[in-house]
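Okay, so chain A shows up in both of these, paired with chain B first and chain C after.
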Partner chain A sequence: MRNFALFIMLSLLAATTSSCMGLRQINELAIVSAVGLDVGEKPGSVKLSAQIMRPADVRGQTGAPSGGTGEPIYSVSAEGDSIFDAIRNLGRFTSRRVYWAHNFLIVMHENYARRGIGDMVDFFTRNRELRMNTWVAVTPDSPDELISTITGIEVVPGEAVDRLFRYNMVTGLAVGSNMMNLEEQFLSSSAQPVIAKLQLMPRGISNKKPEEHGSLKQVELTGAAAFREDRMVGWLSPEETRGLLFFVHDYLSGVEPVSCPNNGSMATLEFKQARLSVYPSVRDKEPEFRIRLSTEADIVENGCGISLAAYRRELEGELSDALRAKIVAVLKKAQKDYRTDILKLGDRLRNRYPIEWSRLRGRWTDAFSEAEMKVEVKTTIKSTALRTSRRDIH
Partner chain B sequence: MNRIRLSNGMFMAMIVNMIYAKAIGVTQGTISRLIGQDMWIATLLGTLQGLLIIYVLHWAMRRLPGRRITDLPSLGDALLGRWFGHLTALILVGFFLAGFGPIMITFVYHLKDYFLPEVPLAIFIVSGLAVGAIGCYYGLEVMGRLALLGILFIFLLNLLIVIGSIDEFDILNMLPVLEHGLPNALFASVHFDADWALAAMMAALVLPHAQDGLVRGGRFGAAGIAAGGVAIMIWSILEPAVLSAEVSSQYTVSCMKLARNAHVGTFLQRYEMIMIALYSVPVLFEIMFTLYAVSACSTRLFHLKSDKAAILPSAIALGAFGYWIVEDHFRAIRFLENIWPWIALPVAAGLPLLMLLLRLLLQKRTERAAPYPEEG
Partner chain C sequence: MPAIRELLLEAFQPSLKDNEALVDAILGSSADLKKRKFALGGDTAVSGLLYYVAGLADSKVVELILRALVVQYRESHREKEGPETADDIVTGLLSNASAKSCSKAEEAITSVLTGDTLVMIEGVGEAIVVVSRGWEDRSIEEPVAENNVRGPRDGFTESIRTNTAHVRRRLRDPRLRFDEMVVGERSKTDVNIAYIEDLVKEGLVEEVKRRIGRIRIDAVLESSYIEELIEDEPLSPLNTVQNTERPDKVASALLEGRVAIFIDNTPSVLLVPTFFWQYIQASDDYYNHYWVGTFYRIVRYVALIISLVLPSIYVMLISFHHEMIPTSLALTIASGREVVPFPVLLEALLMELAFELMREAGIRMPKPIGQAVSIVGSLIIGQAAVQAGIVSPFMVIIVAITGISSFAIPSYSSSLAIRIIRFPLLIASGTLGLLGFATVFFALMLHALSIRSFGESYLAPASPFRARDQRDMVLRMPMWMLDGRPNFAQDEDRIGGRQRPKPPTPTEKG
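This part shows the complex of A and B:
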């Protein structure tokens, strides 16, 4: 009896744990590396374009390898009444099943973003395959063209854009928006979403026609799109985006060219260990914010032709003014032009004054746009990098 | 008859395993829907309540001179007679049968929703119960050893999630503290109470089999509840800090959302399959013990010679109920959030308190009528 019971149990286990159910072979998958979303021709519809990798051709050989076409990607688009419907419609002509787990990028057209991104956030967070650190961007150009444009030296365009995002903080001119932080901002009652901007720019030089500078389009990551609730309300310039980065990312280091104190030439300062502190307060039931940025800086390029030791304070003032201008610019854009709290200042107020926040929450858009902001920037130049001179010391 | 012997470590490990699987994800999602980022406070308050009840249970079950106490129903026998022991066993059968619903919600939704959506539901139920039946067949000691392995796996799982989430940790997401007030946090802790309720009722069946169960079982039980509380609180801190409370509240299994977001650097991503492998031991232990509890209590109710004969019927009953619950997400969440806590708490807190009260009132009479006065 005992052996019989054991036999039955082991048989059940063997039958149920053989891993054959629901299997998908890799050669049956269409591995998506970037996806574009646009408004469809029919009102309310969605146009979805997908960049699918050709496994045989993404190894980067020149020419067509055996069994391949030489084209590392296969880009297709389809329309549907919803995102899911559009994906199903892709199945009419793609020979493989769409697989999202290796997707690098979701890029939406401006028109789609202005119509509302609620369906996009819902679909991709409900989808169990997608990585949550998939980058998200908005573009004024055609998403189909953007995801098919080979940029940099990567073979797969989606991978190239992935690298642009990964090294984004070096240039510090765009937000690093991915599904993880977009979902958080989208669901938050005290912050609004902000998404990176991608655009096509004639930056590449053809090896065959080097005289035609800019004959090749490249994908450029710069600026941001501001949202209120789920709708895009406008663009932020790269300078405004740099001001925004201090609020929404751990943006520690960047480069700022400043005017020389002696002539119209430029010196370049690299600020480091930037730290933004926000002190919210409530006066007469209205919010106020004191914003303080402190940073150290190095002189990394001196085009002034003089030793800068004597002008250290002037340069610190120039850098402070430059950084302050960027913060003030993004505050003005958010408060006055777009009336949307993309700076997470509502979060700060809510954390410090939860009772006042519960009172202000219902009219936060108005309260935020009227809130008084005081911006202070303190910079200290500490180094002249590798070079120095006697005059720098004495 | 061979006496079952569980070491004190096994007993503590069994308590941790019994609480952990559901509490880190399904419960945290429910709590975040109620009180947002204060999930960890509700978990802490729930742990404190669990400590109290496990001590009450030990006081009720501690050594009774002249009586052989093997579980809570046998204490019921000793206090008010056989009918009361049977009633206690019946309540425990009902309790573990209802508790199997949330356990299956945890087990099935982790695997089916995130890894194997095309696999028929029955496969999960049958395979879980088949593993449970094997463990149950070999008895408590084997389960105790599995629980020790489960502790190692829980430690590794917590380590992996901490490493994978630390980059995204934002302490500001945990503020403001107690935004919804202490009474609401206390109310939300009911959902965590429902988790340690399973562990407390497990202790009600195994405490006398632990090495020092009847003498120092309260201390070891409390250590188990506290260790489980700490292991779970790591998740209840990470989920709001990394995902935000708003995001956690959107998911049935919020720990899987955290696991899905976890990454070590740029190249090690989506390692939730490793985490789910580590997670399998605690959740299978829960299934195993629930099956054991139902079959052991049914054996007493139906006067069977061996609890092994009750395994198959118990598995069928549990499987049918589990299938019915998880088959419909809406029904599952309604049962999980609105019904199960109100079954779990009255039984897990009420039975030990009632037994303690009866013991205090009837101790003298019980000792006088003891069938084994020489053992006192």
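This part shows the complex of A and C:
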């Protein structure tokens, strides 16, 4: 009985002394769905903009009378000497506590990225509220504008970008960079960060003024930004990015138009299960890479007007050339223009030849940019599909 | 005037006057106590006296006794002189099924108050007790709290003899025993302890008798009186004694080597030892196909978990761990809560209280008013409160699901216990978050693990783990696989081996 009383007293004490510590109702939070980082007006300062969801307007009427029927998001920006300082300054005018755990996206301005992302990687991995699966992107446009643009079909723009990233495999034109793999590349000595590119493009058609085609700006996910250490060094075009994706993803599928063997029109091939194998070697203390891409393909659109069954070989050759061109393009960009190992080739060398790697490590940037690359592409067209030629219609 | 206790110990005398004075002194004058004078064999010289309680004693039986004593005595005792012994009258005269002589006042008085007839004759040194019990009874009905779709529908009634007969009809086993005890200084309630002699756990019957024998109480009006006086864990909110109104449940418990305690004047029969999981099992599990039985048993386990923790988890997530909710769900909840003026813990407590109020008000109201209560309650709580912005629609859903889940637990008493346990869990989660939830939940777990019911661990066969008994815990295996009794039973084999039915192998003749 005494123990029981003691137990009750202790639990009451725990409940009262804690005074509901950390208690915050979910409706007392300003849930951030996207955050933008830019250089501030003062040199060295940070301008941070946040897209905050307004739950009542995001969900509309859900039974209870909810406040307001305005915009689903509330975008604000603040400046500070550091990221955390800027966040604290957000608190001056946001009536609710800014809550980061549901953040979808961190988008940085090009200038900010060129200045160095070390503080951003540190802050967003150190804070316990933030998730490691937040998408990261770089934009040449203003992050404020990008974040506050109502986009796509989703109510919350951050969610729209989240889905863009998730389904980006369909187009395969941007890297899926999130905090997790950014940090991994950032900390690694044998790989360099590469971050997706977001930009605003006038793609949307206004319902009210349909004659003004493309009057609405939309957020587009395309291409990538290459980094050396913590600084951005340049952009990769969507074509180059696809070349890059072969290196950083295990399997990839995509669509590639090739010219017909008989005339100038196009046939479209869909390659599937593309698998890139890299065979590193070291000759005369210098690294060499043999890169071999093997893929299967289907004909998904035949604009040639003839049965392509007989031209399988030619089409395979054309597809191989097209894919090789992409790989070569990204290799050139990485090796010669930007001199940064965003292809994770250093990883492959280190895994295969750790002793040689330890020697090369110090001068890897130079060694990488001078390394010899051999690119082979092998494609097999598996299916020419049911429809073979246009004559079948008659 | 000597105390009634001393009077009760006195013996009957040959003098009718003395005996009459003795009985009158003990029983006094009571409206329902009937005293009937008669002349033995119509002979006015030998008078007799007969006591019975109107309403308890069957008047037809009393008339039969009188006819034997007044009319038939004269025919059979024409030549004999004077009265004889009580035993002679019982054996030679009375045609009733049960009658005996008795010399002590106490025994005679208890019998009269049970509904028997007390016969005293001038010159006979002992009294005669003729069993004449016969009172109005409730007919056998379907048990209200334990319905089922398939299976027997008879339930226990208030009469202990009818109840034991229900079980005896199901088990014509000569080794089925009903041991008799009487509890209650004033109520003298009959208590029967039922068990199957060669199955029951060794020492269990003695332990039950010891615990019941220790009871000193004025009256036993319901089985819960006994339950609370023989429990292992009197402070625990969990029931360590099962009660049922279903004879088939009692029969199956006896076959498992357990003991049933029948108590007069109540349809609830107690079963010991009891395991927690039994409250989640229903007799329908065994009467339906085993796939169905297993599925609904699992559904009930889910209901148990929901009714115990769902409001706590909701409150905990909403007030502390927002990052654990998927983003879209978080937005939906936040939008529903936008205008709610209360913290979520208070909201939850309010709604739970409203729910308990509705339930409590509905139970004891006459049926038509009970319906009105539920209509008004569901309209106000479900609709108006949300529209007025006092509670969020999500909370209504949570409380409703929790309520329905607690109704899905077959045992009424244990569903109530779980309802009560929910509140400390809820308050701890609302004040300390996951920490509080985990602390209280583990305290509960440790408590449940530590308690016993008549020497058996409460959470057996889950803990201590008994592989053999798992066939009838979460799952309900087919009958041909349930070949063992729980391991505390004396004889563990339930059915012969290889009972699995299969089509006959075709013979060569075809």
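Basically, the second predicted complex is superposed on the first by the 358 of 394 C-alpha atoms of A that agree within 3 Å, B and C clash if a C-alpha of one lies under 4 Å from a C-alpha of the other, contacts with A are read in each partner's own complex, and residues count from 1 in each chain.
Keep in mind that, in the parts below, a contact is a pair of C-beta atoms (placed from the backbone, for glycine too) under 8 Å apart; a residue touches a chain by one contact, two chains touch by 3 or more.
Quantities reported herein were computed from a predicted structural model and do not represent experimental measurements.
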{"item": "First (chain B), second (chain C), both or neither touched by A:N351", "value": "first"}
{"item": "Contacts of A:A101 with chain B and chain C, given as first, second, both or neither", "value": "both"}
{"item": "Which superposed partner A:I31 touches (first chain B, second chain C, both, neither)", "value": "second"}
{"item": "Partner chain(s) touched by A:R131 [first = chain B, second = chain C, both, neither]", "value": "both"}
{"item": "Superposed model, chain A: greater residue contact from chain B or chain C", "value": "C"}
{"item": "Touched partner set for A:E376, first chain B, second chain C, both or neither", "value": "neither"}
{"item": "Contacts of A:L187 with chain B and chain C, given as first, second, both or neither", "value": "first"}
{"item": "Partner chain(s) touched by A:E301 [first = chain B, second = chain C, both, neither]", "value": "neither"}
{"item": "Contacts of A:D81 with chain B and chain C, given as first, second, both or neither", "value": "neither"}
{"item": "Touched partner set for A:L13, first chain B, second chain C, both or neither", "value": "first"}
{"item": "Footprint overlap on chain A, where chain B in one structure and chain C in the other make contact", "value": "21-22, 101, 131"}
{"item": "Chain A - residues contacting chain B, complex", "value": "5-6, 9, 12-13, 16-17, 21-22, 101, 125, 128, 131-133, 166, 180, 183-184, 187-189, 347-348, 350-352, 354"}
{"item": "Residues on chain B engaged by chain A in the complex (per definition of touch)", "value": "113-120, 123, 126-127, 130-131, 133-134, 137, 168, 172, 175-176, 179, 243-244, 246-247, 250, 260-261, 263, 266, 269-270, 312"}
{"item": "Chain A - residues contacting chain C, complex", "value": "4, 7, 11, 14-15, 18, 20-27, 29, 31, 33, 53, 55-56, 58-60, 62-67, 99, 101-102, 104, 129, 131, 156, 159"}
{"item": "For the chain C and chain A complex, residues of the former touching the latter", "value": "235, 318-320, 322-323, 325, 327-328, 330-340, 343-344, 386-387, 389, 392-393, 427-428, 430-433, 436, 439-440, 443"}
